[in-house]
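Shared between the two complexes below is chain A, which pairs with chain B and chain C, respectively.
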Partner chain A sequence: MRSTWAVCKREFISYFTTPVGFVIVGVYALLSGLYFTGSFIIYCRITQNPSTYGYDAIPEMEEWMLSPFLVLCGQLLMFIGPLVTMRLLSEERNKGTMELLLTHPLRDREIIFGKYLASLGTLFVLMLIVGFHLIIIGSFTPIEPVVLAFGLVTVFLMGAAFFSMGLFISSLANNQVTAGTMTFGIALVSWILGLMGQDLPETIPAPDTWPAGLIRAAEMVYAIFRELVVSLPLDAHARDLAEGIIYPHDIAYYLLFTSFFLFLTFRTLESRKWRA
Partner chain B sequence: MIQAQELTKRYGSITALDKVSFEVAQGEIVGFLGPNGAGKTTAMRILTGYSPATEGTARIAGYDVAKDPIEVKRRVGYLPESVPLYGEMAVRHFLRYVSEIKGIPRHGLQAEADRVMSLCGLEHMGGRIIRNLSKGYRQRVGLAQSLIGNPPVLILDEPTVGLDPSQIIEIRQMIRELAHNHTVLLSTHILPEVSMLCQRVLIIHNGRLVAQDTMENLVGPEDGVVRLEVDVRGPREKVESLLSELDGVQRVKLDGAGPCFVVEAAADSDIQPRIAEAVVRAGYRLCGLRERARTLEDIFVDAISVDEGAQV
Partner chain C sequence: MTWIRRITGIAALVGIAAGINFLAVQEDLFAQVVVVPFLAGVAAGVAWVALVLTNIARTASQQRTLYGLNTVIASVVFLAICITLYAFARQWDVYADLTQEGRRDLSPITVQVLQNMDRDIDVLCFFLATDDRLVDMGRSNTRRFLDRLEAHTDHLNVEFLDPQVDRARLQGVGLQQVATQGTIVIRRGNRQRVLNLDSANARMPERDFTNALINVIRDRRPKVYFLTGMDERDIMDQGDRGASALRVMLEGEGYDVEQLELDLMAPEIPDDAEVVVINGPRRDLNARYVEPLRDYVDQGGRVLVMMDPWQRPPIAMGQEERLRPWLADQFGIQLGEGLIFSQETQTQILLSHDSTPFTTEHDAAGQFMGCYNYEHDITRGFNQQMIFVLARPTYPTPQRPERVTRSELIRTPPNFWGEKDVSLVLETGQATMGSEDLEGPVSLAMAATRQTDIEIGDTGQTRDARAVVIGSTEFAANAMLREITSHQNFILNTMAWLTESEELIAMRPAASRAEAIILTSEQEQFIAWLATLGLLQICVAAGVVTYLVRRKYQ
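== the complex of A and B ==
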C-alpha cells in the first residue's frame, strides 16, 4: 500500500512540476467555463421571458442547464483525458525508468494502481473546477441535492472509466504521443457513436422481397448493432445519472469498464514475463 | 550470494544467453566482461528480476529470482547501463522516492537519502534538479539509488560508460570502497577497469561463458609457457617465420599495431638467447627483448578466439 502511495504521489506531483498539469487544468477550465457561461446567460434570459424562447413556463434549472452541463463536463474528460493518461506508463518505458520500477520491490499492481490513483487525483482537481461552477449556480438558485450528488458522481465515474482505458493504451505504447493519439481517437469514435445512437430508429424496415429468414437475420444483426452503438459510448450512460435517475446498469457499466481496462493493463505489464 | 545455473534467454530464434552458470561468493567483486552484445546486460536483467530467463535458475541470497522476485529485489541494488532517473525531480526527492519504494520505514526516508548522498558525494546536490546535473553527477545519483536500503548485492552495468577520465576515477574509487561490505557484480567492456577493481572475472561472448577465474590465475604465468615481447626491425613475414621456426616456440603474433612480436614458448626452452642469436644472424636489428606478463586483454582475446574457433 505504501509503495502504491509512493508511486501515486510522485506521478501526481510530476503533473504539476511540468506544464502538463497546468495545461490540462487550464484547457478544461476554459472549455467547461465557456459552455457554462453561454448556457447560464441563455437560461437567465429564458427565466426573464420564457415565451420568447418557446417555453410556456420557466424550465427546471436542473433539467435545462445542470444535467447537460455535467454530461458535457464528462464528455470533455474524454478529450482532455488523453493528456492525463498518455504519459502514465509509456513515458516510464520511453525514459527507461520502467527498469527502475521493475527492479525495485514493487508488485505490478502497486505500479498500476499508483499510476491510476495519480490520474484520479488529477480528475479530482478537474472536479474542483466543476464544483466551482456549481457553487456559482447554487448562489443564484437552490440545486436539488440528489441531482447535484449524482451529477458529480457521473462525471467522476465517466472520467475514472475513461482514464482506465487511457492507462491501458499507455501501457501498450512506447511513446506518449502515440498513446495520446490512440486514446483521443477512441474518444472521438465513442463520441460519434454516441451521437449516432441518439438518432437510430428502433427497427429498420427490410425489403418485402427478402425471404422471412433473411429478414429475421437482418433484424437481429441491426438490433445487436443498435444495442452496441447505444450502450457502448461512455456518455450514453451519463444522461440519466446526471438527472438524478439511477439505473444500476449505468453504474455497473462504469465500474465494469474501469475494472476491465485495469485488468488488461495488469496483463500487459505482466506480459513481459512471457513475451520478452 | 549470487548463483546462476544454466541461464538461457531466447528472443525468438536468437539466443542471447546460452546456459550460463556461475557463482559469486559473499564479499566478492566480480567483473562481467564481454564485448557489446555479448549478453552481459541480459544476464544482469535476469538476476535483478527485470526480465525472466527462458531456462535455468538464478538465486540471490538464497532466494529464487523467478519465485521470490520481491525478496530478491529487496537485496539487490541495480545500476542499469542507461541510468533511469526522473529528470524533473530534485536529487533528494528522487532518493526519498526510491527509499519509499524500496520499503524503508517512513521515519527513516530522509536519513537514508542523506546517507547515500554522503556515500556518493552528493551532499551539496540534494536540491538540484536531476536534468540539470552533469553526466558524472547523474551517474552518482544512479549509483546512490542502487545503494538505498544498503542491499548486500550490487549489480552495476557499465557504471563508467560515457564519463570523462576524472569522473571514471571517482566512480571506480567509489566502487572500490563499496566492495568492502557488498557483493558486487560489475559489467564492463573496459579491461583495465576489471584489472583495477575485480578479484574474479567472468568472460562472456555470444551469450556463452567462455572463461571464469580469479585475476591472479588469469593473468599469472601459464603452466610451462613464457611470453616474450621481441622488437625486431625487418620484414614482418620473414621475421615471423624466423621466430616460429625456433625450437620450443609455440606461437608468434604481432602485438597490435606496434612493431613488437609476442612469442610464446616453452618455459624450459631457454629461448631468449636463441631468439637474439637467430635475429642477429639473419641480419635484422634487435631493438628489444623482454618477458611480458599476461594481460587481461590477452586472456580476453584468447578466450573469444577459442570460442569463435569452437563455433566454426
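== the complex of A and C ==
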C-alpha cells in the first residue's frame, strides 16, 4: 500500500509540476464553463418567460440543465482524458524508465494502481471545477442533493472508466502521442456510435427471399450489433444516474468496464516479463 | 506462407471497407453488394488471425506461446465474466428513484390502471427524425417512461415511428401531421387519444398519459351534471373563484360534464346522470327541485354537495330551508351553520396524513390516519396535505335514517372547533370556544350510502344511492384546484367512488413545481466571466505560481 501511494504521489505531483496538469485543468474549465454559462443563463431566461421559448411551464432544472451539464462534463473527460492517461505508462517506456521501475521492489499491481490512482487524483481536481459551477447554481436556487451527489458520482464513474481504458492503451503504446491519439480515436468512435445508436431502428427485416434460418441469424446479429452500439458508449449509462435514478446495470457497467481494462493492463505489464 | 497471410489481411480490410462503403451508398444492410464483400472480408479476417496465431506458435518459443495463449484466454474469460455480470444486472429490473419528489416513480394511479388492464393498448409514438434538442429530449424521455410502464403490464404495444417514413401509419390513426416535439397516440380498437408534446416538457407528462389511458380503457364516459340556478360556482368561469378547472379535470379523466338547469315547470334529473353536483350554492334549493332530486336518489342516484360555511340561504317569510334538511333526511348528514376555527390558524385548516392512527380524547376508535379516514375507499391511502381556507362542520345527524350507512371522510386536528358565533369571527377575526360550540376534532366531509330497491339489470343486486357532502367549496375552486394536487386527488377519488369506479381511486402524479430564477444582466455577466475566464485565469495563475516556485528552488 505504501508503495502504491509512493507511485501515486510521484505521478500526481508530476502532473502539476509541469504545465500539462494546468493545461488540462484550464481547457476543461474553459469548455465546461462555456457550456455551463450558456445553459444556465438560457435556463434562467426560460424560467422567467417560458412561453417565449415554447414551454407551457417552467421546465425542471434538474432535467433540463443540471443533468445534461453533468453528463457533458463526463463526456468532456472522454476527450480531455487522453491528455491525462497518455503518459502514464508509455512515457516510462519512451524514456526508458520502465525497466528501472520494474526493477524496483514493486509489484505490478502497485505500479498500476499507483498510476491509476494518480489519474483519479487529477479527475478529482477536474471535478472541483464542476463543483465550482454547482456552487454558482446553488447560490441562485436550491439543488436537489441527490441529483447533485449522483451527478458528481456519474462524472467520477465516467472518468474512472475512461481513464482505465486510457491506462491500458498507454501500457500498449511506445510513446505518449500514439497512446493519446489512440485513446482519443476510440473515444471519438464510441461517442459517434452512441449518437448513431439513438437512430438505429429496433429491427431491420432481412429480405424474404433468404432462407428462414439465415433471416433469423441476420436479425440476431443485427440485434447484438444494435445492443452493442446502444449500450457500449460510456455516456449511454450516465443520464439516468445524473438525474438521481439509480439502475444497478448502469453502475455495474462502469465498474465492470473499469475492472476489465485494469485487468488488461495487468496482463500487458505482465507480458513484458515473458516477452523479454 | 507469409504472402498468404499478407493477402488475407489486405483482403479482410478491403472486403470490410467495401461493405461499409456500399452500405453508406445503398442504405440497405441486407443488400447483396453490402453483405457479400462484408462477409468475405470477415472470413478473410478470421483466416488472417488464424495464420498469425499459427505463425506465432511456429516461430516463438513454446513457453512464450503458452504464456501468450494464457493471456488471451484469461482476458476472454474475464470479458465473459464481465458481460455475464452486466447481463444479470440488466435483467434485474429494479431502480431507485432518489429524487426528492420521486418524480421518476410511477404514481399509484398509473400502476393501478396498468395492472388492471386486461386488453391490449397500442401506443404509437411519432417523432420526427431531427437533431432538434427538444425532439430528442421528448423522444428519449418518452421511451424511458414507456419502458417503466411496460414493466407493469404486458398489454402495451409500443412503437416508435417516424411520421415522414411511416406516413401510412400516421394516416391510419386519422392524423395528417404531428406536433413538432412529438405525438403519442394511445389506441384501443376505435377509441384513441392523441397527446402532443408541444409543451416541450423535458419528460413525458405522466398525468396526461394516465388520463388518456383511462379514457381509452373505459367503455363508458360517466355523465356528471352540475346543477345550476342557485348562484353556485360556475364550471365555465375561468377566474380564481370559478370552477372551470374542476370541469377540465373531470373531462380529462373521462367524465362527460354538463350544466343542468332544471325546467321549473317539469323538473327532472336526466336518466343518464351518473352524478349530480351541487357546488357552492348561495341560494337555497328551489322548492320544485326537491322532488326530482328525491326521485333521483330513490332510483339509486349519486350526489356531491359542496357548501361554504355560515351560509344560511336567504329564506322568504313563511318558507323553510330545503337543501340542508333534504340531506339530513335522505342521508343523515348535517351541514352545520357555524365555521371551523382554531386559535392558531383561525379559519385556515391544514389537513395532514399521519402514519399512526389518529386518536383523541373524544374518539379513540383509531380509524383515522391524521385527518383522513383510512377505512373509507375515498380516503384510504390518502397521504397528502390539503388546505381548507373556510369550512363548515359537516357531521352525522343524531338519528341515522333507515338503510343509510355514513362515514366521516375528513376531520380537523383536535385544536379546531365548530364556532357557532360567526358574526364574532367576522367582526374581530378572533373567537374562543364556548359551551355551545362543537368540540374538535370537527368533521368536515362525509360520505353516505342508502340502500334502494332498484335492481341492476337481472343481476339480482340493488343499486345504492350515494352522497358525498363537503363543508367547503374553496378547495375545489380554480385558484386552489389548479395548484394543489391533493385537492385534485380528493375530488377525483370522490367521483370514482360515486360512479363505482373504485379501481381509479389512487394518488395522481404531482405536477412539476419548478421556480423562476431571475438574474439581472450584471449577474449574467458575472456568471459568464466567473465560469469561463475567471476559472481559466485561476488555472493559469496557479500554473505560473508553480513554475515560479519551481524555478526558485531548483
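Following the convention adopted for this analysis, the second predicted complex is superposed on the first by the 266 of 276 C-alpha atoms of A that agree within 3 Å, B and C clash if a C-alpha of one lies under 4 Å from a C-alpha of the other, contacts with A are read in each partner's own complex, and residues count from 1 in each chain.
To be clear about the criterion, a residue touches a chain if its C-beta (ideal position, glycine included) is under 8 Å from a C-beta of that chain, and two chains touch if they have at least 3 such contacts.
Just so we're clear, the structure is a prediction, and the values are computed from it rather than from any experiment.
In the superposed model, A:247 lies in contact with chain C only, and not with chain B. By the touch criterion stated above, A:78 is placed in contact with neither chain B nor chain C. When the two complexes are overlaid on their common chain A, residue A:58 makes contact with chain C while staying clear of chain B. Looking at the shared chain after the overlay, A:17 reaches both chain B and chain C.
Of the two partner chains, chain C is the only one that A:25 touches; chain B does not reach it. Measured by the number of chain A residues touched, the leading partner among chain B and chain C is C. By the document's definition of touching, of the two partners only chain B reaches A:105; chain C does not.
The interface of chain A with chain B overlaps its interface with chain C at residues 17, 274.
Of all the residues in chain A, the ones that touch chain C in their complex are 16-17, 19, 21-23, 25-26, 29-30, 33-34, 36-37, 40-41, 43-44, 47-48, 54-64, 129, 132-133, 136, 140-141, 144, 146-147, 150, 198-199, 202, 204, 206-207, 210, 218, 222, 239-240, 243-249, 252-253, 256-257, 259-260, 263-264, 267, 270-271, 274-275.
Interface residues of chain A facing chain B in the complex, by the touch rule stated above, are 2-3, 6-7, 10, 14, 17-18, 95-107, 272-274, 276. Contact residues on chain C toward chain A in their complex (touch as defined above): 29-30, 63-64, 67-68, 71, 74-75, 78-79, 82, 85-86, 89-90, 92, 94-100, 103-104, 129, 134, 136, 140-141, 144, 160, 198-203, 511-512, 514-519, 524, 527-528, 530-532, 535-536, 538-540, 542-543, 546-547, 550. Of all the residues in chain B, the ones that touch chain A in their complex are 11, 48-52, 70-71, 73-74, 76, 78, 80, 82, 84-89, 97-98, 100-103, 106, 145.
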